[in-house]
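Look for subunit A in each of the two complexes below; its partner is subunit B in the first and subunit C in the second.
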Partner chain A sequence: MSETLAHKRPAGLNVLIYGFIVFWVILAAFPFLWTVWGSFKVEADFFSRESWWNALFGTNTIRQTGAAFTGDGYYGAWVTRDFWRAAGNTIVVTLFVTIISLTFGTLGGYALARSGRNYAFWILIAALIFRAMPHITLVSGYLLPFFQLNIWGVLPTSIIVLVAINQPFTLWMLHSFFLSIPKDLDESAMVDGCTRFQAFRLVIMPVMWPGVVTTGLFSFLLGYNDFAVTAMLLSADNQTMVPKISSFLGSVQEAGNVMYAVAAVVSATVPLFILVLFFQRQIVSGLTAGAVKG
Partner chain B sequence: MAQIRLKNISKRWNNFVGVDNFNLDIADREFLVLLGPSGCGKTTTMRMIAGLEDITEGEIWIGDRMVNKLEPKDRDISMVFQSYGLYPNMTVYENIRFPLKVRKVPQDQHHERVMKAAAMVELEPFLERRPAALSGGQRQRVALARAIVREPNAFLMDEPLSNLDAKLRVSTRAQIKNLHHTLKTTTIYVTHDQIEAMTLADRVVVMNKGLVQQVGTPMEIYDRPANTFVAGFIGSPAMNLVPGSVENGVFTAQGIRIEGLPSTTKGPVTLGFRAEDATLAQGQGQIEAPIYSVELLGEATMLSMRVAGELVSIKVAKDYRAEIGETAAIAIPAAACHLFDQSTGTRIGA
Partner chain C sequence: MPHKTFFAFVMPSLIAMVLFIALPIVSVVVQSLYVAHDRVMVQVENCQPFGGCSTELRVDAAATAELQAEQPLGKFNGLGTYFNRAHLAFDELGVILQTNRGLGDIWNRVLNLPFYKGLIFTLVYCFVVTPLAMALGFGIALAVNALPKVTKGPIIFFSLLPMIITPLVGSLILYWMLSPNGILGATIQHLFNDPTLSLRASPGLTWIALLLYGVWTNGPFSFVVFYAGLQTVPADTLESAMIDGASRWERIRYVIVPHLMPLATFVALVQLMDNFRVFEPIVGFSAEANATSLSWLIFNDLSGDTQQFGSAGATSVLTIIGVVILLSPVLVRTWREFKLKVV
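So, the complex of A and B:
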């Protein structure tokens, strides 16, 4: 189909179209590729004041380390400055945020989707309002009570706050996925001998996976990328990756710290690529098809 | 196997009455059809029996248990849904087996019972397929097999044929009839198609606007409709209904005059007669009116003519030919006529 269309178009237009796509890909991918490349250089190259060619050829990197590429930034970040601990914290936070959000989200979304009551609608509207609030407004309100309760700075507190921020969204998203599953499916399961919960577990959940994976991915990204909550609610020891990167950037009095940040940024991005590649089929089907037909 | 008893069943949503004071005893092994136009409450009645809808008022008994408060799973009925409700992630085999599995029927019986149910609806070649890879008729049969696999108290079928094409509908209808004959399980069947009701039912319940209009065998309902609603709903074409008045056993309206009716009635009435009871008159007929249209059906010819403001259908011999606008004389035997009260619509006389 697209091939025949491409044949019909005048050659000039084709050049224009493909040229634009190539341009767009470069525009979108270049900053990241540049960062990946630069993360293997020393600061004098990547942030060179003489010539940006240094970042490409690594003139100073060769002078300082003897090779065109160096893993010094990664070593400094991961080993010297304990980035591994931040990575571990991020895993804990995102894992728990995702699991808790999905548990409440599937149960609540299912209940709201199958409830014929008026208040189900108002609960969803309330969820929408909380979803629209900037995260920082919630965090600033939490700070004082958390200090007083002496639960500031630890991971569980951030997890709870992130779940609270994320839950309205997961509820909405899963609710609409559940709506797309015909009610006949639950009903025939119940007539066949299931309790309401068995119908949910044995019949509805198996066809909900695209929705759960998609929603889970968004929950994961929220926990993974969060800065507002984790920066303000975690002590320096318990920081996750994003606030940790920010702290690398903030203390420039020590040479090489900026390169730690660059290396850490690349380290933090790679898992996302792997994740999206791994789940892309489910995500696409989850985003487009809704769920399944009966 | 069980009889089902509905005592003063009502369903209301706020001010809207879905089903109003429904009373019925359904005998063991009976094939009962709930018939009516959409929104008449027939599906709601069935869903209340299944336990999928709360009962506002009244009692439902299955066998010797009152089931009002029982969950659907505890009522031991099985149901075929209009959209089949097949589990898309399971194969046909697993779909049919599912009720056995969740009801904890001993494992060693599963295979034999699934195969038996599948054989009854000729599904053996498709057992490893998923529902998405089946045609509409095959999906319908999976739903049937899933319903019969565990030998429940009763089958409930909610318009099971309405998603099939016309040809498949006829063959599946015969299959359902045969299944009921073999299994002899009490069956409640909901449909808006009066032909399905006539062909399948031991007894038909005609409903409209939440109210039972008539309960009876298909022939009773066809031959003695209780009111104009039933008369106009049953039969293809439906019964002709002509407003007019009767005096001394003679019904008159514009273009129509029928003598020999019971002389006990007087005043305005609605006259009903079926298209196939009318014939071409030799000489003078009871109806003399210009022909409105002529339709060739193959096995017969259908005439329409306008009588007293209503279009009436007359079924005549298949070789009859006439031009639109010609006047035709039609004979209607008085014995084939039904009289209904013009204001209430109820039947007058036996």
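So, the complex of A and C:
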């Protein structure tokens, strides 16, 4: 429809539309491109007091390192400051958060979608309220008990906390995906002699994969992007990437090596780029799946 | 589905939510009623040339470590923490109301109270960013919808980036660009020809930068939802509006906007909920001198050398009350719908 209308549009409006889109794409993409570019320069270039042309041509980078691009920031962050360890922790945390969230979520979401009773409704409402809780308020409730139980600072604690925080959202999303699968399917399986669990596992799950993948992406993002939980619940050795980056800010900025933080930031952004590149369709469908995000 | 099967299925996720969401809320409420044990205090007088003198209490932590280990919660304080200067500060508010020199004075002095400073910024962030981000998203959705098909994919790809990015990372990226040595910060100084203009020095500029970050990172969500909504606008209605002589603007105003209204309510709700917990940008922008939020106050209480669980608990409880107030329209509506369904 839009294409048939396109040539009817007055030229002025077309200019406006294209201008606005170009403006937005620059606004959305330029900060990332600029930071990626700048991460291969020295600090005097990326944070140039004289002119940002320095960052483009790498004037000081050439003077200090002999080439227009340098990997010093990356070397400093990954090797000198042990960013690789944080990256490893992030992989462990996000992997387990995603797997456990999906396991719990598919079981729960399925039952909520198939039970028409009042308590199922109330569980969903409670989940909605839980979904709105700022994570840091919950964290302030964890700290003291975790100190007492001596489980503070380790990865499994953070993983299970992130799983729990993620449950309300996962339940809602999977619940609505399960609702879209006809009831007849599992009911006929049960008539044929399956138990409820067999029907769930052998009949429903195979057709649920698109929903599971989409929900999994959002679980992954929650674990990956989290700062409040991982910053407060992990000891310095077990930090994931995001709290590690924030710890760079405290110590590195004084040492005059912001470029470590810039390199770490770029490193942490790359997996997200790849994720959007491959799963754009699923992310969009997840966002638009109606009441899903609430 | 029989009760037993239902609960067998829901149990893992229910246990996780009860243990790590419901119980911590209880724990936060309990914590907020306690304060740290009395400690050995050292009084220090702090005099400034024009600010007058203020006495400051310094804590000797070692002396009370043992007592702390026995009763980790501290001593019972009732609602005391809620009313002290760092939280609701009713006494201080009363004084301000009685002895102020006009509205500007009230505003400045209220902003000096930590809780209100955080609350005001949180609310401003919520209610400025949400509508602006939705307007931006709607604008992008309309514009992208008018583009030829081939260009849509790449544009959606780039549009998703500000939303999908880790909040702390996203705010750092913008902060570096806006800092006086960064590309945007330097350009702004150059444009206004004022070399002292910087985020750190100007509260106004800090607020604007944080709000801009909010719109930048929230806009794409509205865009994606509205763009999906635009695909479902009935073509017949649009055509008949055209035949009836509706202009482009009128078609948007009277056909498209009403059609997207339910989606807009949904987006507004989700965005308000998310924006109410604004936190990472304040860390990323190192904005705490000029702008704080409720979540940041809790974080700050918890991350110092002496962790103030009581204070963090009280702010948390007040924040949770705020969330419930924000959510109440939705809860009431859901409740009504549910009653209707039952009847």
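Here is the rule we use: the second predicted complex is superposed on the first by the 272 of 294 C-alpha atoms of A that agree within 3 Å, B and C clash if a C-alpha of one lies under 4 Å from a C-alpha of the other, contacts with A are read in each partner's own complex, and residues count from 1 in each chain.
The rule is short, and it goes like this: a contact is a pair of C-beta atoms (placed from the backbone, for glycine too) under 8 Å apart; a residue touches a chain by one contact, two chains touch by 3 or more.
Everything quoted here is computed from the prediction, not taken from an experiment.
Chemist: Quick one: subunit B and subunit C on subunit A, clash or fit?
Modeler: fit
Chemist: Touching A:Pro182 in the superposition: subunit B (first), subunit C (second), both, neither?
Modeler: Once the two structures are laid over each other on A, A:Pro182 reaches subunit B alone.
Chemist: Which partner does A:Leu202 contact after superposing on A: first (subunit B), second (subunit C), both, neither?
Modeler: In the superposition, A:Leu202 contacts subunit B only.
Chemist: Using centres of C-alpha atoms, tell me the angle at subunit A that subunit B and subunit C span after the overlay, to the nearest 10°.
Modeler: Between subunit B and subunit C, as viewed from subunit A: 100 degrees.
Chemist: If you stack the two complexes on chain A, which partner ends up touching A:Leu102: first (subunit B), second (subunit C), both, or neither?
Modeler: In the superposed model, A:Leu102 contacts neither subunit B nor subunit C.
Chemist: Counting touched residues of subunit A, say whether subunit B or subunit C comes out ahead.
Modeler: Counting residues of subunit A touched by each partner, the higher count goes to C.
Chemist: So, A:Asn225: does it touch subunit B (first), subunit C (second), both, or neither?
Modeler: second
Chemist: Based on the superposed arrangement, let me know which partner A:Arg114 touches: subunit B (first), subunit C (second), both, or neither?
Modeler: The second partner, subunit C, only.
Chemist: Once the two complexes are aligned on their shared chain, state how close subunit B comes to subunit C by Cα atoms, in whole Å.
Modeler: Minimum C-alpha separation, subunit B to subunit C, in the superposed model is 9 Å.
Chemist: Could you list which residues of subunit A make contact with subunit B in one structure and with subunit C in the other?
Modeler: On subunit A, the residues that contact subunit B in one structure and subunit C in the other are 293-294.
Chemist: Residue numbers of subunit C touching subunit A in their complex, please.
Modeler: Residues of subunit C touching subunit A: 1, 5-6, 9-10, 12-14, 16-17, 19-28, 31, 72-73, 136, 139-140, 143-149, 153, 155-162, 164-169, 172-174, 176-177, 179, 181-183, 186-187, 216, 220-221, 224-225, 228, 235, 248, 266, 269-270, 273, 276-277, 279-280, 283, 286, 294-295, 298-299, 301-303, 307, 309, 312-313, 315-316, 319-320, 323-324, 326-327, 330-331, 334, 338.
Chemist: What does subunit B use to touch subunit A in their complex?
Modeler: 50-52, 71-73, 77-79, 81-89, 98-99, 102-103, 132, 143, 146, 156
Chemist: Would you mind writing out the residues of subunit A in touch with subunit B in their complex?
Modeler: Against subunit B, the touching part of subunit A is residues 182, 184-185, 187-195, 198, 202-203, 206-207, 292-294.
Chemist: Under the definition above, what is the set of subunit A residues touching subunit C in their complex?
Modeler: Touching subunit C from subunit A are residues 1-3, 5-6, 9, 13, 17, 20-21, 24-25, 27-29, 31-32, 34-35, 38, 46-49, 51-52, 55, 103-105, 107-108, 110-112, 114-115, 117, 120-121, 123, 125-145, 147-148, 160-161, 163-165, 167-168, 170-171, 196, 200, 221, 224-225, 227-228, 231-232, 242, 245-246, 249, 258, 261-262, 265, 268-269, 272-273, 275-277, 280, 283-284, 287-288, 290-291, 293-294.
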